[in-house]
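Take a look at the following structure, please.
For reference, chains read A, B and C in written order, and residue numbers begin at 1 within each chain.
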Amino acid sequence: MTIFYFTLKRSFGSLTNLIFLTLAPIACIFFPAGEAWPALPYGYQYFGIIILFVAIRLTQIIIEDRARGVIKRLSVAPIRYFHYLSQNLFAYFVILILQCAIVIVGGLLRGQELYQPFALFTLYLSFSFTALAIALAWISIFRNKDIAFLVYMSLIFLMVLMGGIMMPLEMFPDLMKRIAVILPTFWFAEGLNWVVYGRQTSNFMLINGVLWLYTLVFLVLGSTRKMQ
Amino acid sequence: MRVLSTTKFTMLRLVRNYIGLLLLLIVPIVMLTIFSLILSGMTNEEGNPYFNETALTMVLTFQLFGGSSVMHYLNYDLFTLNRERMFVAPFNRTMYALSIMIFGSIFSVLLGIVLMIYSQYVLGMVWNNWAWTIYLITLMSVLSSIVCVIFTCVVKKFKLAGRLSEIYGVGFVMLAGLFFPMPQNAVFDFLGSYGNPLTLSIGAVRAGGNGNWAEAWLQANIVLAAIVTLFLVMIVVGRKRLK
Amino acid sequence: MKSYMEPARFVNGWRLLNLGFLTYYWISGEFAAYDFILLLFLILLTSLRWRFNLPAWSVALDAFVCFLYFPYHAVSYYGLALPIFELAQRGKWLFALLFFIGLFVAPFPSAWLFCYFVLALFVGFFSYAYSLNQQQYKEEADEQRKARYELERVKIDLLAAQQSVAQQAELMERYRMARQLHDHLGHDLTGAALALQAHEYVEEPDEAHKLLQEVKRRLKRSTLNLRETVHNATPIAPIGVENLEYVALYFQQVSISFRKSGDLLRVAAYHWGLLEACLKEALTNIARHSDATKAEVKVEAAGSIIRLLVQDNGTVRQSQQPGSGLRSLKMRARSLGGSLSVSGDNGFLLVCVLPLREEE
């Protein structure tokens, strides 16, 4: 578990990261509620975007390791790449779980209307995993971490826009609605809708299941060992 | 006037900065296309297409980030990578910095114009007053360049300066209330109207389109005043740093 | 060896295309959002196949997921193309034919579906044949490479053997000469020396005269013997540096200036063999490829090296790979511990440097 602790330390090591990782969820709590749309307060609607950003920010450690040749050195160390990757991911999961918990508990304390807090928490967790897997797959394509981050930023905007987190899907033309389904953000938005209006638990399970499927796909794609 | 001979290469550098082009040209084009798909056929209360508003906002919003390349080049050339070379080169460094700034702004304006052309001829929206819109785009891009130069000169760590410029961009977009409505109080009201270059320039273009030229000039001149003030600040700060 | 289209890439490209088509079909059709899960499953299985080498039976999973979705939408029928491709790509195309049953249960006109299946089968089979062929070519290339390495090793061994044979011959020749000197010259000279010593003690003039005559006879015979031995030992063909000079002298195409310096007797016979080959190669090259009019040949023995330098005044066409002759000469020079280098910067220049053996 050395790598796990070390990853945690590194994630909170730099000041910018610390601010980013702690202030972002806290800020979310204080965002105002929307009028007609979204039904959840803005902070909770947009927390998905923050999760996406946090995920790519956290996985920067892996791309940094690759650039510095740490991965190359690990390959001769008595440790498997699988351990390295899983402990890193586990550390990121822990951080994301903490963030989700902060947001939910903070919202409850502040008296935000969250409808079904526990379901919301579950949804955030599922989406965190998906976001991490996507970020992992994304950085496996790139060598330079700044370029990876910048391009991913624009990709996030597009995903969020087309997935229906920033605008209600009902406004979209039919074709765009269908394209949106391909994006994981659509399922997150769907989940948010369920938290507000949902009745059948099976639907919610299905939504989470889809997010988990996305997680698996991107984990498989992103877990290749790149030496650079 | 040796600085003039470098301008060609500054321009080439800007054109070949593919990541910058991706972020400031391709992404807005894609987003404009998506918005035009989403908002096609929707009109606001006055009967204007909803997309016109969005396109205007997008074109001006991306000008907020136009200064980042200027910032990078200044940092590379005058403070880190090429610093020693520049110090032995026989030309005026202040003028060189100014030329980078001017060309960065011009390039950013050109990108804005490309976006306007794209939205008019491909997406089929109509810009009412090209000259006025381009004037506002120019103001925004110059302002962004100046702000970025100030950040570069004031903050020792370039990474932090980069973050600050991002905060400048995203912050004003948020304060303009484009993501979600801001809280109702005096400070946020001010920063969401007359204290925000983005809202000012959007307002100026909108007022120009409605024929309300007094209001349009007022808003544009506030931005211009901000530019003049910050330009003076920049000269003071920049001279200190370039010494 | 760089190859632009590995079979694996081809296979992955087809998988991606397939998924792209299914997604496109899903988008363009009127299917419920939750039915997208089928596609996700197929994507997951395909990405697993991309990452790991799944066994052939894993296509049953694809087929099962598709089967589950049969009643709900048409994409599931088209999804069967994936297992068909995977099976065909592993050479089990007969099993792939089983999935064509999907054609008969499809609740819609299945002409396009048939077309799609056949395409998948064909592409799968094609990539199977492709990878088989590549495998075969790889093995063949490996074998050839192995044979080439073996040949090179044999060549090195031969060169070493040649060197040792030359040394042996030299030693045997020395031994022969020593024996000859000992057998013929030695006895006569010893006899003459003894006779001279005896001459000092002889008092009778007649006896002394006879002894002197004997000494004279013996010395004459040994002189004759010595001359004969030396004459026998001297080869008629030119050897060593003379041979090089001879080669340069009788070269007709260009005028050659030949210079030699240093103690050339220290150079062993096997060195001369290589130097001669080098000189001949260089001169042949000049005659065949160069527009030179003059050439300069220098042989220098200095310190513990011998150096051969051939320089002409022609223009050299750049980017020419060294021919097999020069390559093998380089090899031979290396095996003697020396080096051979060629340069075309200013006319053709060949320099061969060999280390001389220290006197034992």
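In this text, contacts are C-beta pairs under 8 Å (C-beta built on N, C-alpha and C of every residue); 3 or more make two chains touch, one makes a residue touch a chain.
Predicted, not measured: the structure shown is a model, and the values here were computed from it.
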{"item": "Pair of chains joined by the greatest number of C-beta pairs in contact", "value": "A-B"}
{"item": "Longest centre-to-centre distance from subunit A, chain (CA-based)", "value": "C"}
{"item": "Centre-most chain [mean C-alpha coordinates]", "value": "A"}
{"item": "Subunit A-subunit B separation of Cα centroids, rounded to whole Å", "value": "30"}
{"item": "Cα-centroid distance, subunit A relative to subunit C, in whole angstrom", "value": "56"}
{"item": "Distance between chain centroids, defined by C-alpha means - subunit B, subunit C (Å)", "value": "63"}
{"item": "Sites on subunit C at which at least two other chains make contact", "value": "none"}
{"item": "Multi-partner residues of subunit A (each touching 2 or more other chains)", "value": "175"}
{"item": "Footprint of subunit B on subunit A - complex, ascending", "value": "16, 31-32, 34-35, 42, 46, 147, 150-151, 153-154, 157-158, 161-162, 166-167, 171-173, 175-176"}
{"item": "Residues of subunit A defined as touching subunit C within the complex", "value": "175, 178-179, 181-182, 186, 190, 206, 209-210, 213-214, 216-217, 220-221, 223-224"}
{"item": "Interface residues, subunit C side, partner subunit A - complex", "value": "23, 26-28, 33-34, 36-37, 40-41, 43-44, 47-48, 50-51"}
{"item": "Interfacial residue positions of subunit B with respect to subunit A in the complex", "value": "19, 22-23, 27, 30-31, 34, 37-40, 42, 159-160, 163, 179-183"}
